[in-house]
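The first chain written gets the first letter, and so on, giving A, B, C, D, E and F; residue counts start at 1 in each chain.
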């Protein structure tokens, strides 16, 4: 399995998500955590970019960080999977290694 | 699997420490071994015994201490980063001629080699930071 | 209305203070500790404005539930601001729109302003505290 | 003119503290009055007496202490932020039942009102942070 | 005098400079410090945006932060003024107030 | 060549470690403390690569002079890496170009790679430490 990339920065303030996507090979997964979860929602100026990335990557978002921020799982972009901390652990073990784009 | 965790930011200022705690708990709950949690950069501030956060909020250092006790976790604070930022154990305090020390229960101070060792010995290294 | 803590008040002219909130909650502590400043500042009876812009608009998003991250949910406190006579709350329109949000998503009533109006408002202040 | 300075990040991790020191020195050199330097958020970590940075680099806390001594500067560490992060003076240490304290010479711990007062009393407030 | 805006973030990683420019009235000044100084140089992908801003704003860059980073004052965009910490203090007192875009 | 500290070495297989440097020097400490990890790691005789990308390329900019900011200039240490057998230094082409830099601006010899080559290189690693 290729690797898991984690992104914890808001896509509206930093270029971290762009950088992660540019360096993820086809089949690599992206996990959005902390302020990175804001990239997961429909109706934002970054939503199209994220949807396009779904053709090459599985994208996950950390549910606890979504709820904390008052964002609704109903508005998560179709095709993005919501996981809890247990799911985060599973992703870490399923993929070969983890690259944290801090 | 054998996992290690690296924490690069201090408690409260960034969510990193909280995320690391939740991740570590979940990994232990799933039966994985957590080989080591290493604290680097401002992450060393997770290990201060002097913090008294508001009672209606979490106490991050205490959560680490409890986790360490329950699961025999190895919590290692980088010595070079700790010296820069004022985290001392009793030995360091004496060596540096300070009046007291502030390393919290369950944490130990050691060298960066412990981070490299965690990278070598663990199946996965997961980094939390800013 | 006089409050007991107002004895602590510093003598001097009333100044125009603006608190500019630009960061999302929980990812960093700035939102919470900015709110703590605003609450203390209320006792000083200055002319206070709060701005939520960029990711700061997320601070006042409705329905925050922090149970699963183990962090205190401080968003209800924004509702208490009115009781402290902090009533000038501005939100930047572009910041809301680019995030797909409307005022219906917000926990408190706010005045929505365009970025050039906001720029003018900032120029009218005497002290700007940016978080 | 009367200036005040707000420092929002700890020493070393970000350049903010260094910038604040250089700015404060330059303001004093130009004959301005520095009414207060207030330390908030992780900025409170500027006031730890326990840090022992490498000898070939600057010691940020000592620079503040020297500046305070030479120019009778008022260095104020926010009490709420300090409690969260483990910066204690002797009184707070006793009150919280801790074994020691780590506030550095020249710093004092006080409330957020001191920041608001600095905003009211000063002609300019300059903020350094991340 | 209108206000002085300080920017301390790299224009390649964060949107802070854009935000500052969008909220600076005509005549307001911009001072680039710390990692913000990287916006001051010719030949980068952000140089055109910075040059355009010079028509509405005086832009200053902190020399000590330029030298520290090995950047050359010779490559600073024409029209941007290099100041030292004393000059930083002068700007703070000349302009009516300071907004730090952190 | 055996060095005295190699007695400390941990037994185990040689692993592929990559250090990814993405931040500018001095604005934050990550560049300096990343370099400190690399120097210690050298004693462990692993297979080490260093990547400089995004603002990380500024870490190895020539002619850094920190006298006026009062901070230690640690850039000469990058020149010492070769002596520690750390010889695989990669710089991302796009990061250099968007900043108007060329390899002539850099303090050490590096291999310039495209972002997709870099992505492949990352996939070949066993441990990635990102700063």
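The rule is short, and it goes like this: contacts are C-beta pairs under 8 Å (C-beta built on N, C-alpha and C of every residue); 3 or more make two chains touch, one makes a residue touch a chain.
Since the structure is predicted, the reported quantities are computational estimates derived from the model, not experimental observations.
**Student:** Chains touching subunit A and subunit E alike, please list them.
**Tutor:** Touching subunit A as well as subunit E, we find C, F.
**Student:** Looking only at residue numbers at the subunit B/subunit D interface, is the share used by both copies over half or under half? Answer same or different.
**Tutor:** Comparing the two copies, subunit B and subunit D contact each other through largely the same residue numbers, since over half are shared.
**Student:** Using mean Cα positions as chain centres, tell me which chain lies farthest from subunit D.
**Tutor:** When every chain centre is compared against subunit D, the largest gap points to A.
**Student:** Comparing the two chain pairs, does C-D have more C-beta contacts than D-F, or is it the other way round?
**Tutor:** Answer to which pair has more contacts is C-D.
**Student:** Report the inter-centroid distance (CA atoms only) between subunit D and subunit E in whole Å.
**Tutor:** 26
**Student:** Give, as an integer number of Å, the spacing between the C-alpha centres of subunit F and subunit A.
**Tutor:** 27
**Student:** Would you please write down the residue numbers of subunit C that are in contact with two or more other chains?
**Tutor:** 26-29, 54, 69, 71, 127, 130
**Student:** Could you check subunit D for residues that touch two or more other chains and list them?
**Tutor:** Where subunit D meets two or more other chains at a single residue, that happens at 12-13, 15, 19, 22, 41, 54, 80, 125, 127, 130.
**Student:** In subunit E, which residues are in touch with two or more of the other chains?
**Tutor:** Expected reply: 8, 12-13, 15, 34-35, 64, 84-85, 97-98, 100, 102.
**Student:** If you go through all the chains, which pairs of them touch?
**Tutor:** A-B, A-C, A-E, A-F, B-C, B-D, B-F, C-D, C-E, D-E, D-F, E-F
**Student:** Within their complex, state which residues of subunit B touch subunit D.
**Tutor:** Answer in residue numbers: 10-13, 41-42, 45, 48-54, 61, 80, 83-88, 93, 96, 98-102.
**Student:** Going by the contact rule set out above, which residues of subunit E touch subunit D in the complex?
**Tutor:** Residues 8, 33-35, 64, 84-86, 88-90, 92-93, 97-98, 100, 102.
**Student:** Which of the residues in subunit E come into contact with subunit C in the complex?
**Tutor:** 2-3, 15, 19, 22-25, 28, 96-102
**Student:** In the complex of these two chains, what residues of subunit D are touching subunit C?
**Tutor:** 6, 40-41, 80-81, 111-113, 115-117, 119-121, 125, 127
**Student:** Which residues, counting only subunit F, touch subunit D once they are in their complex?
**Tutor:** Counting only subunit F, the residues touching subunit D are 26-29, 69-72.
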